[in-house]
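To keep things simple, chains are lettered A, B, C and D as they appear, and every chain counts its residues starting from 1.
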Amino acid sequence: MYILIALTFAALLFISGCTDTDNPEGHINALAVWAHAGQERERNTLKSQVARYNKNHPQHPVRLTLIPEGSYNAQVQAAAVAGNLPDLLEFDGPFLYAYIWQGRLQPLDNLLPETLIDDLLPSILQQGSYRDHLWSVGIFDSGLGLYADRSRLVAVGARIPTLENPWRQDEFNNILQRLVNTDPDGQALDLKLNYGGEWYTYALSPLIQSAGGDLVSRGEVYSAQGSLNGPETADVLHTIQRWIEAGWVDPNIDDAAFTSGRVAMAMGGHWNYARYHEHLGEDLLLLPLPDFAYGSKTGQGSWSWSITSNCDNPKAAARFLAFLLQPEEVLAMTDANGAVPATRSAIGQSLRYRTGGALQLFVDQLKAGYAIPRPRTPAYPVITAEFQRAFERIRSGSDVQAVLDEAARSIDLEIEDNKGYPWLFTAVERQ
Amino acid sequence: MAAIRLNRVSKHYDDHSAVIEEMDLEIRDGELLVLVGPSGCGKSTLLRMIAGLEEISTGEILIDSQAIHHLPPQKRNLAMVFQNYALYPHMTVKQNLAFPLKMQQLTQDEVSRRVTQTAELLGLGNLLSRHPKQLSGGQRQRVAMGRAMVRDTNAFLMDEPLSNLDAKLRVELRGEIAALQKRLSITTLYVTHDQVEAMTLGDRVAVMRAGKLQQIASPGELYEHPVNVFVSGFIGNPGMNVLRSMLETADKVPAFRLGKYCLPLTQPVMERYPDLRNGSNQMLLLGIRPSAITLAESDERDSLPARVSSAEPLGHETILYVDADIEAVATDAEDPGSTLLRRPTLTVIIPGHRHFKPGETVYLQVDNSKLHCYDLQGDSLSPLSS
Amino acid sequence: MSPPARLDDHTPVVLLIAGPALIGLLVFVLVPFLFALLTAFTNLRLGSPLPLEFVGLKQFTRILSDPTFVRAMGNNFLFALIIVPLQTALALGLALLLNQGLRGTVIYRTLFFMPVVFPMSLVAVVWILIYAPGPNGMMNSLLDLLSFGQWQPRDFLRDPALALPAIMLLSIWQGTGFQMVILLAGLQAIPQELHEAAALDGAGHWQRFLHVTLPQLRNPLTFVMLITTILAFRLFDQVQIMTRGGPDNATTTVMYEMVETVFTRQQVARASAMTVIFFLLVLGVTWLQRHLVRETREVE
Amino acid sequence: MRLQRSRVGIILSYALLTTLALLFFIPVMMMLAGSLKPDERVLMEAGSLAGFIPGEVSLQNYTDVFNRTEFLGFLFNSLFITGTIVIFGLLVNALAAYAFARLRWRGRDLFFNLVLAVMILPLEAIAVPLFYGVSLLGLRDTYLAQILPFIANAFSIYLFYAFFIGLPRELEEAARLDGASTLRTFFSIIVPNSKPVFASVAILNFLMWWGAYLWPLMVTIGPEVRPLPVAIAAFYTLPPLQWGDILAFSVMMVAPVLLLFILFQRWFVRGVAATGIKG
């Protein structure tokens, strides 16, 4: 009897052990890589890229693990505690600084060819640099703008704006008002409220920055007090709250507000283009975000790659990164997910993004500094979490100033708790 | 087959109240010893200690001079029949019978051979595939017996095995058990609170009270020569009347005085209690069996008048409870000499079916050749019973 | 082989047979709790390079002065306060209806019990669709029908006044069957003679319910209420899936805050302090319930 | 014998029961109908009677689920995790309860008090330290982390204990005298006579772990060991949002349990009821 029980227990442990996916020691020379599990096409592209790479590098094959997006950062953080990080790690760009501060990463300096670095978009380098080192590169960047139905705009007599001459705040309000008046359900704008999460921080920051506000002040020490709860930020969020309360914003719970024609304008990213274009065809417009005083702003940053401090063969890891950054690989990926290619050479070959392409605006925005990176501080995970919660509350009608004051206090308290994130890793250089 | 010995066995619980005190007992090889006593006297505990279901505090238990008290029950090779039979509800009769054999890891063939044999012996052959809940009380009892008998054991332990049956079945099975035990001549310890069962079944009967052995003797001996008032009150149905009485000397003959009624000592009594010849004017306890009292024809001078309290006509005899000018004592008291019953009641057995009215006065006569005498502590004065 | 110290001392065999469960309880309940109790007084974070420090009661004072956490506790209490009597009453009503020996009882019982086998996360996802805003939403159009067109479509899960009640409703839908079955068994255990005796004594339906049914049902009722209270305090799945604590913290709960704190923000120490508070809350509720029950026993 | 009831009372009871049953059944009906509809019609028709009628039946949503997710993998994970917890839980907790109920050993009272103290405690209460421990040990994203902590269960032990102490002691004593060891007695005598409590505990634990969400949400990373409750929540957040697919996922997720429930309804009901009686 006991033997039976013992055997069953042993079998259970064995089965459980076998599926331990955290264990990167499957092959001695294998390069463990974690990436987010994006849309199916994106996943398949990455898988086939890995397959291509492995064919040419049998001595250092890549072993890929895909992790769902939902709580990617929390998952990676928890894995890092046990030293279970892979050699090469993909993560959402703005979380970079927290990983660096915790000593999870090693710099990419001198690991990638100079020509490759020069080919990268400035936004990619901006996001990847911290404390005089390059830590991270992306294969693609994101584009954020306003999609619109040309015929609906024409119908209300709206001017079609350009990056140089975007809609001013009152002009935008006016157009919105006119669209609402002619709309059967009175909802004219889609802010992708259904996305929630990081979208709020990503998409609303540019509007706030355009008004002269920000999530945190970006001096030597970051602080939310006076920025997140400053009058400029409060003003913008108040405006959005008014739109929502007036019923101008479609809650978009079916993610089809724009494609089903319920709204005339939809804030959105590069990933929306394909479906929108399919539904609206030639009527689809991609516009810069409105200018709330300090010019039109946009978002930047997307999934990004770094070599972890667990990696004892950074050269091999960098080789895989360089492979992914080859123009044809970048294009393969951006064709799959619709994102802005990270290298100029790939952009030049991209039908959508090259000069004259339908999404040229996204490239122009990123090249010409319309995009401000999200706060480059180890506090970013808390900043974004607090902002998301604050916006959820604002969205449902809470007092804007009170909510922002509370969020700012929480953020600053967190920064204080971490002693302002003192730099603890002076000797990170390897070479 | 084996003899079981208990040497100075005691049992007390954590709060130090003793359940069994310094018990010495032997169950001889092949005999049926009945352990009888009122409920709570520790007889079941004693049985369970022998079985290994309870632990002894001090002393030792031997089977054929092998100490076994440190062994768990499954290593003592004893069989037990429980009051509620403890048949395994999820097993058929056959499986119930086979279980102890399977535990001994006998071969399949041997198991079924023995099960069949035992079932035939007990007339259970046609019940083998039934479950316990499909059996009558008597059948369950037989299966329980069968489960004990099916394997070779050192001894049977029976814990009030008949008490869950109706009266008629009890008498019937009592006979069967006795016959079986004789036939198998297996050492058996039988625990009961029913003195009738004890008297009819036992080769010897051990009377227990409050954790102590009172007397161990053959049924006849027990009836004739109880060692103390407790045993006299417990054995016999109804039990003996015990009265406090002054031994006086009347007309040069020692006599017990019961109110105005005088009971002179007769020869057989004086032979049995030689000390009484010269000891007069002392308070003693006097035992009178209910059957030793008769009704006087009429208001005779030499009789004990009494008032009928209640009567139980049973057909062949009538049990009469009467109040009289006497001092009846409680036979089950610690100190019977000074524990008087609140109502001075005497129990009388009269042959035949008779009716009495409560309150009616009757006149009693006592057969003074059948007196039992005890000191005030309740111990018999007879040198024969000690 | 030497004989054991005591015949009925089963310690060696118990080590073997109870060992796994006892070790399990120690390692996975007691030790973690003690760990939480200790770390609640530090600044422990998941993966922080900063040194560990003892910070005294700071985590507790912060949590208890954090309006969000206070709101979370308030929501738990509010949830319990409304759901416990409501759900228990509904379950009792259903049990009484089903205990009449009507034909088809089994079918009705099946229907009422069915949601119990639905995992809460599934219920939450499906009910998001039921609560769809706009006149097309099922709940909205049902209310429209019931109010003869007076109802204005609402976005239940985004409405600070409606979000918590909306979550309560689906929790009742999912949980009532469980309670009903327990109470039904309790009802069936009441000897029929009691009702007959009460009826002979001249008690009407209502009086029989008050003086026979309810007192006889006290144990199952207490149990059911205790379980529901504790479920109310561990409220998480629905909130995490449907509202993420929103809108405006209207649906956040202690469990939700706790998971957010440790999982999303890696603040182990703060979450440990929440764990301790959660423990105390649950213990308090259990104690209160036992205390109240004992009181009624003494009165009787 | 039952007390007489009036005809009006019976009719009222039926009316009330039927109304409530319909209300209870609406979500299930909608789920089923919606899963068979083309995606865009689900939300559109949810508010009307059409919400309950699939119209032209299509299994497209179901094939979508298989294409878009690893449904069978999730199903296996759920079955494996729940099954293992239940089976090992039955064995381990019943044995412990037996030791509490019938055996004498050092430390029994101490441990029993521990069991009573944590009996009512929801396991989520220790999620924080447990999560930290599992993270430190690098056991996240394993079956082990989802199974091992929950095999020992104080409430199960208590339910078994309450049942075992009610069993006639003589059965075990008879078995001991018949030559059975402690373990043999447990497996040959106690277990066969305790089917109701085993069913009870099995069903309760099954319901609890089949639906468990919080813990697997925290400790699973990839889809390899992800169980269904987390999978459906993840599926809901996987763009594009397609309600038809989600409802199809829901139906497939609940169907096996519903089937079990309908087949073993008597046991489910008894199992749940038993908790309340003992509680």
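What we mean here is this: a residue touches a chain if its C-beta (ideal position, glycine included) is under 8 Å from a C-beta of that chain, and two chains touch if they have at least 3 such contacts.
Since the structure is predicted, the reported quantities are computational estimates derived from the model, not experimental observations.
Listed here as common contacts of subunit B and subunit C: D.
Of all chains, the one whose Cα centroid sits at the greatest distance from that of subunit A is B. When the interfaces B-D and A-C are ranked by C-beta pairs in contact, the top one is A-C.
Subunit B and subunit D have Cα centroids lying 57 Å from one another.
The geometric centre of subunit A is 38 Å away from that of subunit C, both derived from CA atoms. Separating the centre of subunit A from that of subunit B, both taken as means of CA atoms, is a distance of 93 Å.
Between the CA-based centres of subunit C and subunit D the separation comes to 15 Å, rounded to the whole angstrom. Annotation for subunit D: residues 43, 131, 135, 148, 183, 217, 243 touch two or more other chains.
In subunit A, the residues that touch at least two other chains are 71, 78, 81, 253. Residues of subunit B in contact with at least two other chains: 52, 72.
Subunit D meets subunit A in the complex at residues 40, 43, 68, 80, 84, 88, 91, 131, 135-144, 147-148, 183, 187, 217, 221-225, 234, 237, 239-241, 243. Touching subunit A in their complex are the following residues of subunit C: 16, 43, 46-50, 62, 67-68, 128, 132-133, 155, 158-160, 244-250, 260, 263-266.
Across the interface of their complex, subunit C is touched by residues 1-3, 5, 10, 13-14, 16-17, 20-21, 24-28, 30-31, 34, 42-48, 51, 92-93, 95-96, 98-100, 103-106, 108, 111, 114-115, 118, 120-133, 135, 148-152, 154, 157, 182-183, 186, 207, 210-211, 213-214, 217-218, 228-230, 232-233, 236, 243, 246-247, 250, 253-254, 257-258, 260-262, 265, 268-270, 272-277, 279 of subunit D.
Residues 6, 8-11, 13-15, 17-18, 20-25, 27-33, 35-36, 39, 46, 94, 97-98, 100-102, 106, 108-130, 132, 135-138, 140-142, 173, 178, 181-186, 189, 192, 195-196, 199, 219-220, 222-224, 226-227, 230-231, 233-234, 236-237, 240-241, 255, 258-259, 262-263, 268, 271-272, 274-275, 278-279, 282, 286 of subunit C are the ones that touch subunit D when the two sit in their complex. Within the complex formed with subunit C, the residues of subunit A that make contact are 2, 71, 73-74, 77-78, 80-81, 101-104, 196, 251, 253, 381-382, 385, 389, 392-393, 395-398, 403, 406, 413, 417-419, 422, 424-425.
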